[in-house]
Each structure stands twice: as C-alpha cells, then as structure tokens.
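Sharing a structure, written as structure tokens. Questions coming.
Read from first to last, the chains carry the letters A, B, C and D; within each, the first residue is number 1.
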Amino acid sequence: MKTKTAPMGWNSWDCYGAGVTEEIVRKNGEYMAKHLKKYGYDIITVDIQWSSLVATGHAYTPFDDLCMDGYSRLIPAENRFPSSAGGKGFKPLADYIHSLGLKFGIHIMRGIPRRAAHAHTPILGTGVTADKIANYDSTCFWNSDMYGVKPEAPGAREYYESIFALYAQWGVDFIKIDDICRELPRFEEELILISDCLKNCGRDIIFSLSPGPAVLEKSELYKQVADMWRITDDFWDRWDLLYNMFERCEKWSVHTGAGNWPDCDMLPVGALNQDEDPDCRTCFTKDEQITMMNLWCIFRSPLIIGGELTKTDDFTLSLLTNENVLRMHSLSRHAHQVWRRKVKGVECALWTAICAGGGQYAGVFNLGEESVECEIPLGDLELEGSKDMLELWSNEASRAQDKIMVNIRPHASAAFLITE
Amino acid sequence: MKTKTAPMGWNSWDCYGAGVTEEIVRKNGEYMAKHLKKYGYDIITVDIQWSSLVATGHAYTPFDDLCMDGYSRLIPAENRFPSSAGGKGFKPLADYIHSLGLKFGIHIMRGIPRRAAHAHTPILGTGVTADKIANYDSTCFWNSDMYGVKPEAPGAREYYESIFALYAQWGVDFIKIDDICRELPRFEEELILISDCLKNCGRDIIFSLSPGPAVLEKSELYKQVADMWRITDDFWDRWDLLYNMFERCEKWSVHTGAGNWPDCDMLPVGALNQDEDPDCRTCFTKDEQITMMNLWCIFRSPLIIGGELTKTDDFTLSLLTNENVLRMHSLSRHAHQVWRRKVKGVECALWTAICAGGGQYAGVFNLGEESVECEIPLGDLELEGSKDMLELWSNEASRAQDKIMVNIRPHASAAFLITE
Amino acid sequence: MKTKTAPMGWNSWDCYGAGVTEEIVRKNGEYMAKHLKKYGYDIITVDIQWSSLVATGHAYTPFDDLCMDGYSRLIPAENRFPSSAGGKGFKPLADYIHSLGLKFGIHIMRGIPRRAAHAHTPILGTGVTADKIANYDSTCFWNSDMYGVKPEAPGAREYYESIFALYAQWGVDFIKIDDICRELPRFEEELILISDCLKNCGRDIIFSLSPGPAVLEKSELYKQVADMWRITDDFWDRWDLLYNMFERCEKWSVHTGAGNWPDCDMLPVGALNQDEDPDCRTCFTKDEQITMMNLWCIFRSPLIIGGELTKTDDFTLSLLTNENVLRMHSLSRHAHQVWRRKVKGVECALWTAICAGGGQYAGVFNLGEESVECEIPLGDLELEGSKDMLELWSNEASRAQDKIMVNIRPHASAAFLITE
Amino acid sequence: MKTKTAPMGWNSWDCYGAGVTEEIVRKNGEYMAKHLKKYGYDIITVDIQWSSLVATGHAYTPFDDLCMDGYSRLIPAENRFPSSAGGKGFKPLADYIHSLGLKFGIHIMRGIPRRAAHAHTPILGTGVTADKIANYDSTCFWNSDMYGVKPEAPGAREYYESIFALYAQWGVDFIKIDDICRELPRFEEELILISDCLKNCGRDIIFSLSPGPAVLEKSELYKQVADMWRITDDFWDRWDLLYNMFERCEKWSVHTGAGNWPDCDMLPVGALNQDEDPDCRTCFTKDEQITMMNLWCIFRSPLIIGGELTKTDDFTLSLLTNENVLRMHSLSRHAHQVWRRKVKGVECALWTAICAGGGQYAGVFNLGEESVECEIPLGDLELEGSKDMLELWSNEASRAQDKIMVNIRPHASAAFLITE
C-alpha cells in the first residue's frame, strides 16, 4: 500500500524486545494520540513473539511453544494480550488503537511455526498439513520459531492467504515481516508469494521488510513487493552505526520516494531497553540525535520511534516534533550526497535535496572527532550568488553570498533550507 | 579404532535406501558369512533411518516421527526390526551377526532428533532437556531428522556419551556418521566432541564419516578423529562419477594407510535399488567395474559392497573376490598417480604403488573413449631393464624389457605386479 | 578547471583514429565555429598519437618511434601537423582554433615515452634521465608508447610539470589523458601527481580521464583530480553498448554536476571511421540516437561529437542542436533513474530530474524489442493532479491528468518537461 | 633431458647475484671438480644478466643496455667474461668447465631483449625484426631486460630456435629460464614453444624453470616441458622459508621422480652474498641445515649449492657430502609426508619413503620451538615388530621394537633407514 510520505510511528522492540504487553501498547497509543499524532506519527506496532507465553525481553527462548490456532497460525498469547482471549486475536486491541485515530501494526516472521510442522497441523481450506509446506532446511539463524515455506508446495499459497485474511479481519494496518529482507535471492520466491498474498487480502496494509542490510542489486524487487525495507541490520544508539548509515543512505538515496522507503530502522531515542532497566535512556548525545534526524529526514527514511513514549522527555519530544525538520521529511525530493571528504582534516559530508515546497535543502554533517569551520561554495549545490538561508533546528535566518559558512561540532550537523 | 587394512563389508543403502528390514540384513549377513568372509569382507551395516516406521526406500519423509527411547535417543523401529521389541534395540540383531563371525554396523546422523528438541525430552544422566543442547540453526539440507548439538552446551557431551554407551551395549562394531564429513570447519567442534565420546565408550568401534567430498586441508583432523572418511559425494554406477574419482584419489593418495582410509564410497555392483525394482542391476560395464576395483584397491579405499548380496551373480562374485586384486588392496603401499595425460590422443592415467610383499604395482587406466595401445617406459615407474610382470585379472605372466606394452579398451584398465 | 556545465565539443578518434592531420582538425574547427558553437560546442580535440609519423587510422604500430623533443617530451609529427615545424609544437594550430572562438584539446598517454627510457634522454630542469623515472613494469595493455612514471622518483614531478608547461605554452585548453581512469587504485598515486602538476601549470585546462569504466568506489577521488572521467570503455554505435549505458548512468547519476562530469564517451554519430571508408555512417537508428541524446543530456554527460563534422547531415545536425534537449543538458539537476522494469512485458526505464529553470524532466526509455504503450502514474515522479507536458523532440504540448501516456517504439524514448 | 636422479651442482646467484665473473666461475668449477664431483655435483651455472656490462651484485639496473649480437640475441659481457671476446660467446668457458669433467649451465630470461624491440633488430633466418615478435605488454615485474614473445607471431619460433642453437653451439648443458614458472597459465603457450625449440636444438640440455611457486594444477605440463621447476619463490637462509617448504614439498611429493624434479631452490649454505660482504655466511644453524638436507634429499629436490665454493668450511663440506644422505637423495622413492601434528605440544612432521636399495626411510622433523621426545609407532610407517634402524647423520645403528624413540631439538631432525 504505497504511501505518499514515509511511514511514521512507534515500535515496541527497542524498549521491550519480545516482551511487550497489551497494557504497554495501549498506553503508548494513548501518548501518541495525544502528543505525536498531529505531527504525523500514527502507527503503533507490536514487535516479535506476541505468541509467546514466556517472552519477557530481548532474548528468545529456543523451541518456544508459541500459541497457535487450529490452522497452524500464530495467535496472541492470552497471558500478555488479555483482550485476545476467546479467539478474538488482535481485533480488540486494533479496535482500540483505531479508536485513538491511529493505525495498528504487527511483526511476523517469514514461514510457518516449526511446532506446526512437527505436529502435522492443518492448513486452512486445504487437505494439507504444515509438514507438507514447511521447508526443513529454511531456518532463521537467530530465532527458532519458524520454518520457511516451500513456495511451490500445494498449500503454501493458502497458508499465507490464511494468515493475511486473519490479520485483515483483526484490522491490522501495518506488517513488519522479519527474516527475509537481506536474504535475497535465497528467499526471493517466498517473498514474492507473501507479497502477492498480502496484496490480495482485501485490506490496505503497509508492508515493511526486515532485517537489513537490503541487497542493493534487488532494489527494483523491493519496490514491487514492499513499501519499506531495512537497509541496515538492527540500528542502536551507537555512533559507529550512525556513522555507517551515511554510506548506506548514499547508496539507497536514488531509490527513495514515490511510495518506496528504504528504512534506516527505528530511532533509538528516549527510554530504551525497559525490560532490563526502567532508567535506561539513549546513549546518543543531543548532537548525534539531531544528526540522525537530519539524515533520516533529508533521506526520507520511515520515522519509527523506538523509546517508551510515556517516558518521553522534553528534548526528545522537541527532537521528534521539529516542524521544519518534519517538513523536510515530507518535502525532500531527489536527495543525495554531494560529497564526503576531509574538510580541514575533518571528515564531513554534504547532502542536498530539492524542497517540493520551493527551495533546496542542504545538510552538512561533521563525521569526525573535531569541530570544524565548514565553508561550502554554493557552487557545490549548483547554486550561485546571494541566497536566503534558514537553519532548521535553530530557526536562524541568514544570507549566504557565494558560500555557506558553518561551524560544526564533532558528530553534529546543520540543515538549511535555501531560497532566493 | 585404527585397522591395519581398509575395512571391507556391505551396506544396505545402495540396494534398499532407508527401507531395509531385519530380515534382509540377516540374509545378507548369512550370504557374507558363507561366500565373502574368507576374502576379508566382514562388516554388515544398516544404513540411515532405522528408526523410521514408514521409510521404504531411498526417499525421506520430512518431519518423520522417528522412534526414540525416553532419553532422546533413536531406537530401531519395531515394525521393521522385530527383534528390537521390548527395548532390546539392535542387540539381538548384532548378536546374530556376531554369531556368523561378522561385525555389525549402523548409520547415524549428526545431532539430536528434532522431535526431542520440540518435545523437550530429557538427556540421560542430566537435568537438561533436548531443547537446551539442540542448535536450531544447525540443520542438514537433505534430511529433517536432526538438529546439530551445541558442543559447548551443558548436556551436549552427556548426550553423545549416552548414545555411544547404548550402541556399545548393543554390540555395534562400526558406525557411519552422516552430515558431518564435508561440513568442515562448520561442524568441526561437534565432530571432535563426537569422536572423543566414541573413543571413550568402552568398545572398539570403526568410525566412518559421510558424506564427502572431505575437505583436503583438514586431512590431519580426519586422521585424528576417524578411521575412514568419504572423499566423494554419493557414488553411483555412472562413468562420470568413476572418472572423477581419479582426481579425488590423486589428491588423497598420500593420506592413505596406517589406519587412515579415505573412502571412495560403496561399490555399486550387482543388484541395486531393490526398493524400486527387484530386477535392477548395476549400469557399469564389466570393464568399468574392473577399473573401479583396480582404483579402489591400489588406493586402498574401504571396500563396502552396495548390492543385495543374495542376488550376487558370478561375474560380480569374481569381481569382489579376485585374490590378486584383494592382495593389492592389502599390500599396496605409497600408492600415487604417476601421470595423467593423452596417450595417442586418448586420456590415460598411470598409477603405481609398492607391494609390501615385494615388487611394485602399476595400474594403467584408459579414461578415454577409444581403445589405445599404451607403451609405458619402465622409467616412468623408476625401474629399468627386464622385469617379470603379472596382470592381476588375467593372471597372465610376461617379461617386460624397458617398457610395458598393453592394449586397453575405453574405460578399461590393467593392473600389474612387477618383480625382478 | 571546474565548469558549470558539462563540456561540449569534437574529438578526432571516432572518425580518424590515431591518424588525424592538421588540415582535418582545422576544417572541423571551422565547421564547429560556423554551425555548432552557438549551441555550446566549443572544444576541438586531437586524439591519440599525434607524435607518430606513421599512424594512419585506428590501429597502433607497436614500438612506434614517436617524435620527442630533447627533454623526453612528445611533440607533434611534422609530416602530419606542418605548422608544428621548427619546434613550435601545437601552438600555431591552437592559435588558429582560438581564432575561431574555440578551445583546443589534445590527448596524452599516462607516462613517459619508452623510447626516452631506453635512450636515457634527459628530463627538463633535472640531472635525471628518463630511465630513472620510468617504471618498466607499468605498461598499457593496448599500446606500447609509454612507460608509467614512478611517482616518488626524483624527477617524476619535474617531468609532468615540464609537459604541462609545454602544453600551456602551446595554448592547450583541454587534456584527455589515457590509460589511467579505470586503473585505480593501481595508478592512483601517479594520477594524483599528474593532477597536481596540471593544476599548477598556470593555465586553466579541462582535465578528462580515459578509458572507463571508472571505479565507482573512487568517485570522490575523481571529483578531486579531474573534471570528467569515462564511466565506460570505448563507446561505439552498437545497441548493446547503449543499452548497458543505462546501468552505468544509474550508478553514477548522484556524482554528476557541480563541475563533476561522469562521461559516457563520444557520440558516435554522422560520418565515422573515415580512415577506413569515407562513406561510413553511424549504425545507430534515428530512434537510438535520440535515446542516446536523451540519456546523455538528462544525465549531463559531456557531449563530444565523434563524427567528421564537415559531413554532418541534416538529421545529425538537428540531433545535436535541439534546443529543448540542450537546455535539459544545461539545466538538469538531481537526475536519477526512478525505475527500470518490465512494462507489459517490455523492459523500460523511467528517469527524472529537476529543471533548474522550473519544472521537472521525465525520460521514458523503451529498452526492449517491441513497441509499448506506457502509462506512467505522475506519482512515480512524486507529482499529482494535472500538469503541463512538453515533449522535447516533437515540441508537442499536452496536459497530463494523474498519469503520462506515451507510445514508444523499441530502442526509442520520449523526454518531457513537466510544469504546472 | 630427463635425468635418473635430481640434478646437483652450483649456481652463482646466492653468492654473487647478477655480478659473477668468468674468473669466479672457473674457480668454483675447479673446486667442484676436486671436492664435490665424486659425490655427484657436476653442474656449474652462471646466473642472471651475464650480458650486463655494469651488473655487480643482487640489484638490477633498469633499462640496462645488455650486450647483443646482430640477431637480437644476448651475448656475454666481454668485460666480465673475457674469453667470450671476438664473438666466441660462452664456448671457451664451457669448454673449460667440460675439461674439468663438469657440465656448464646458464640462466636466461623468457623473451627477447627490450633493446632489440626498440631498435628493430633482425631475427636470424627471417625477414622479421624484434619489434614484430615482442609483446609490449608481456613484462617481468622485477626486471626490465626483456619483453615476452608472442608465440604465434611469424619469427617467434625462429627466434627461440636461434638462441638455443647458439647455446648448443657454445656447449651449454643446463638452462635455467626465469620469469615463467609461476606465471601459468598466462605464459603457457610461450613456455610450450620454448620447450619445443629447446628439445629440437640438437643437444641434450637440462631445462630448469624459475621462479616459483609453480602452479600445482599444472603439474602434468611441467613434466612434459621441463626437467625441474621451482616450487617456491627465492629461498634464503631464513627459518620461516624452510618451515614453509614442508607444505610445498607435501603437495609436490607425488610429482617427484622419473625425471621430474620439483625444485626447492638453491641451498643457501656457506659463503653467501659475496658481492656485499666477503665475510657473509649462512644464517641457518647447523640443525637447520641438516633439516634442510633431510627434506631436500628424501623429497629428491635438485641440490644446487648457493655458496662460494672456494670458501667452503668443514661443516658445510660434510653437510653436502654425507654419503648416507646423498644415497637417500638417489634412492628415495614414493616419498610423502605421513603426518604433521603436535607431539606433546610441539609441531612435528613425519616423512617416509621407500629405499630403492632395500628398506624404508623415515624423516622426523621438529618444526617447533622446543625440544621434544618423539615416540613414533612403527605402525605409522605401516611396519611392525622389530626393525634395524640407521640414523643417517650420526651413523648410529639401533633396534626398534614397535616404535621409534628420538629426541629432537627445535628446527632439528633425524633421518633413518629402516631394514629388517
């Protein structure tokens, strides 16, 4: 379901791992509705292993006996999602999220539960059992829940149709599928089958692929099967990961837009890892967080908040709701890196994009370890003469003559809207 | 258990796949005792999936519910091995094979039954269950029975000790382990653990690794953990596979002997694929079978017969029991390929070996598609002058002066013992 | 010498190989001054081996005794460039080209003449001889004229300074250097040395690197040392080469502009290979030539005409001087491929770019072998609603509602300027 | 010219590099005739650049103007080889070496002098000049003397025939050709052409290929074109190089014998690098030198002495003339490594070979850094019971019962002849 702008929302992984509960989800939804919805954030997603009775955090239990219905389909664990009792699945929770004016998302794994294959349980609408469509050698190296499905096996299509029919009936608006994005061409046929089944499920659902790094040579395929796809392995609040994202974004920049959203992963801001420590907060400095937002927004990555929303502090809220920057996220076009080089011995990068509302964006990033006074000829942006400049975070207006002068701290950045 | 000469015996795979039964095994044992034992053949091996209630031939049933005891250990399927009823396992059958003066062998797969991991069944002598030692991402790409074991997990060593204790108690003399030989260094630690446990099980057991091709760089490791190891993927009665074996043997020749037996796989002779067609016979020509025997014997590969023994025809029996050739199998030393080149436009290979009983062997192989008159200078064997020659198959004696002259048909070969 | 728009001109290789003469150069200059200069074409370049007394066409003579001055520097062959007699070099010819209001360009090879190394001739301003700076193992695999120079050797910098001083004195405005562009990182240090010497020669000279394909990972280096660099091996009038250029352009698109000109190579149009056949004309169809121009211009490749100008026919002239298209070449910004996929079974590509003069360009290319009716949602260009459309070649104006409809022949294309 | 045993002799490189003179050669020949010839050493070889007027040691002069005759053929530099004056070439020196009862060898480079190509000098018996057969892109990365020859060019065969005719006329018995051995398949066709021409030159000449490492996959080719070929890059008196030789020998062992001599390179013993320091002596310890001899001799490498013979000290002479060890060099058959593993924590290797005179050799090598008491079961040699043992260096006889016990210092070794 192609969207005009990159999806924005919240996901439970960064703060709760596999152990999120219904109550937490509801509270985060309520916060979003009250504080973030007006800025465009509108998706609440329950991440991995909502079928587990025992999951409590970021670690997985091998050979966990996940909850299934009678047709080899995973269903929410009632002890963690009480409203799902009585076979109602996620419908009551989705209804509640919808009542807040938000969208409801879930995480799924590629494949069919290993439990189902070993128990020979049926596939809905077929005479086939799970062991007939499960591929015993198609495993995920970091999680034991599922076997991949043999795309050509009788019953395979019906299985995937049956799960998406269930999710549609629940009212799901967003699906993040895991163990598939970077595994091309290995699981390409299975991905195409899944995408086909989802498109025909009768409900508009945003489709998000994980984990990255996505395979650049397959960019056209991603565009055809999905709405967003991860260009990185799990992103966390570490500078080296943010530093590396610049190269990833450089390579994927020409594939962004028109409903296609290469995905830099969740924003690890605010209160993270709540399963381990309620006092845990992001390790990123404020400068790094602004650098992250500048990159995510000029590049137009999806903006999926990773922190526990109810613990959002003032800085984090201001970070996530800066209107100049969110306008760049919405109006940036044709973004790309102009150069990346040493400036006075300090590694810097210059990005630019057209603003669909008029003017041109420039992002200046200090990727090095010392402050630097950058002097950027307007010619590097293919501009010349005298221009009006607005720095998006400080809201400072200035006039540039032939060049931009900006002093940037290490790991910090500046973003400008340049107009006549 | 290092042996002075390469193991000789019979294996059920080539004729029955996974579907052999106790009765068949007994009858093949009886035939061996009567007709082959005096030539050195003395091992009767039950190949893969003797725990399956449903296996009938060369195909595997995915997610087959294999028979287990209460400690996650596979046991024979009673419907196929009736004497195992009442928890007696293979002991009665092994006893019978022993009573014939023969050794009893079984096939096992690396790892622990997937069933056990998913059912969380116990490991003997530990407080641990199978799911704790099973590696959910360690699968065999062609069979769904097992998960690999995490070598460092508490309970892993006890599991392997427990299965070898069981096999020793049954009276097993030979174990062919599958899904491990070519998978180095991936499963190297697991292989070392398994070998350690086997060596300490209290019974001398010949240890055979499958499937190939073994990893040449790991030759020293194979010598330390096993008695024989497959240097090829499954070998069948096709010329291209036999042709390719020459290069495999060339590379492994210096690693043969002193209890180390790089293994060219079963001899697909006589009545094969009996599960599919009782009339099936080897597709090899007689010349090709002799070429195979010449190569296997000068190289000293294990000689494991693949055909249903009770249907052995006269030619096959003569092939398997030629005393000159079996003497070469026993006495060949320092075998290696001297050259492989076009002789008058026909691809030929010359092998040589010292005879521990005196003299020197020479094998001349026509690997091409036309007959060729080979003239081989004795100098190629680092001999000179006048020599006595005995061709091993024809028993023809002759006198060579400076060179060997021999006319060889396509795919055929000659083997000589050369003495003063 | 960074230029605001991509260089435009003519080069002698496609029509004369290594065998061009002064008279031909003059006549092509005269044609350009009269017919092409007003459209922006203003560079006349003498390609490879102008020092050869014997070169007559596209083949090279191994170990050709090229003309040198007393300082190991190549000079024009007087029999082919009479005005160079008396040690005047290319100055008289450059003066003439300048008198036409045009720029004068020459081709050079990386390195120092092999003749000089073997004759131990001096380097200007040093006590060093050529053999001391020549790298005997740094050869060009397709031409025997030169040895590479050891960048760190005493005298190496002086040699390169001495040749650029000579070219500056001649009045050279454009240098195409060969045997270096794709050979990174092998010759990276030599390239940096050459670029340094050129920048300090006292004259603004456009610097062009050959042959391609350039190394994508070295994009930042190319930007720092050169003005244009070949992204392809020699391009000729064959569809497969044009077809492949789409992928090359896709990868290099974000590196185009702001004085950096990834180069798709000469336009093989009009009268080619005049050394072999005066009647030779391009093998491209008209549709293919328009497709080539659309790609070169939206991508902003340099436009260097390959055909003998004095034989330019009406179609070719119209192709090279279409004002809409040349405006796109000048005003295209942020060009990139949107997608490349099967449309109704026919492989198509969609490119877009911002027009610096207002509006947005779209190029629709049929890369397949059948005609196709393309229906392109404006959303693919991140536009919506109703738009004015101008097709650049036909000059047809139309109004698009939500989508562009265009029928395209095989190998053909359409280019639109889209405005409100 | 296939030889029954591996060639033995002396080569000037290790002690004089490219700078040896006639006088030195004569004196080394005289020493060999007097002290070494009776042990089998009988080849005196003048190594690289005997055509250079200026060479004095191990460094090369780039673009050196080597002495040539009128047919593009290199000839000795008269200032260094006075007897060659008047166009007599090496004939007088070869005659003298022959008069001592020895063979005369020379080094050559693959190809034709670059000087000849650039000067367009003629090829004997053809109308062709050197530039027509020289391949301008076939260079040697460490020496600038030659261009490779295009094997298919008219005149190429005649050139190689012409140089071998000259060498045959001089009385050359041994040719070491450089820049070709490891460069397969790149120069394979040129190698085959050279070998053909040499075989047809009318004189029996031993043909030696340099430098290594030779390409194992091309073993059959080496056997057909040459007598010996280097399996290593230049070998010097450093333990790491000797250590690495064990793996090289392991791989090549089955290709040794019957006139084929994989070559471990010169023995860097005694007085080396005399061009730099007359007092220079080998850096190998005595143990290492014995280890080297044990490996070279059981493997049957050519034995080419690298030190200045006239300065041979007593130990070195005893090393080179041990009759037990030279007998192993002559009579070793089917040598190969049995194992290489940690023995009590110390890396050791066991080699064995058959003795053509009766019995079996065993070499025990300590490749580690601590002394070790090795206990080697006779079974590792496929022997059993009680055996007579003779240690070759100490001449100590003993009786082994089931095993060999030997204490070995680091880098040291023992070699035994085992008989009944």
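Following the convention adopted for this analysis, contacts are C-beta pairs under 8 Å (C-beta built on N, C-alpha and C of every residue); 3 or more make two chains touch, one makes a residue touch a chain.
Not measured: the values here are computed from a predicted model.
Any chain touching chain C that also touches chain D would appear here, but none does. Separation of chain B from chain C in touch steps, taking the shortest path, is 2.
On a Cα centroid basis, the chain most remote from chain D in this structure is A. Separating the centre of chain A from that of chain C, both taken as means of CA atoms, is a distance of 43 Å. Taking each chain's centre as the mean of its C-alpha atoms, chain A lies 53 Å from chain B. Work out the mean CA point of chain A and of chain D, and you get 65 Å between them. In chain D, no residue touches two or more other chains. Pairwise, the chains that touch each other are A-B, A-C, B-D, C-D. Listing the residues of chain D that touch chain B in their complex gives 2, 4, 220, 223-224, 250, 253-254, 257-259, 333-334, 336-341, 352-354, 356, 379-382.
Remark: chain D residues 62-63, 114-115, 117-118, 120, 131-132, 134, 136-137, 139-144 touch chain C in the complex.
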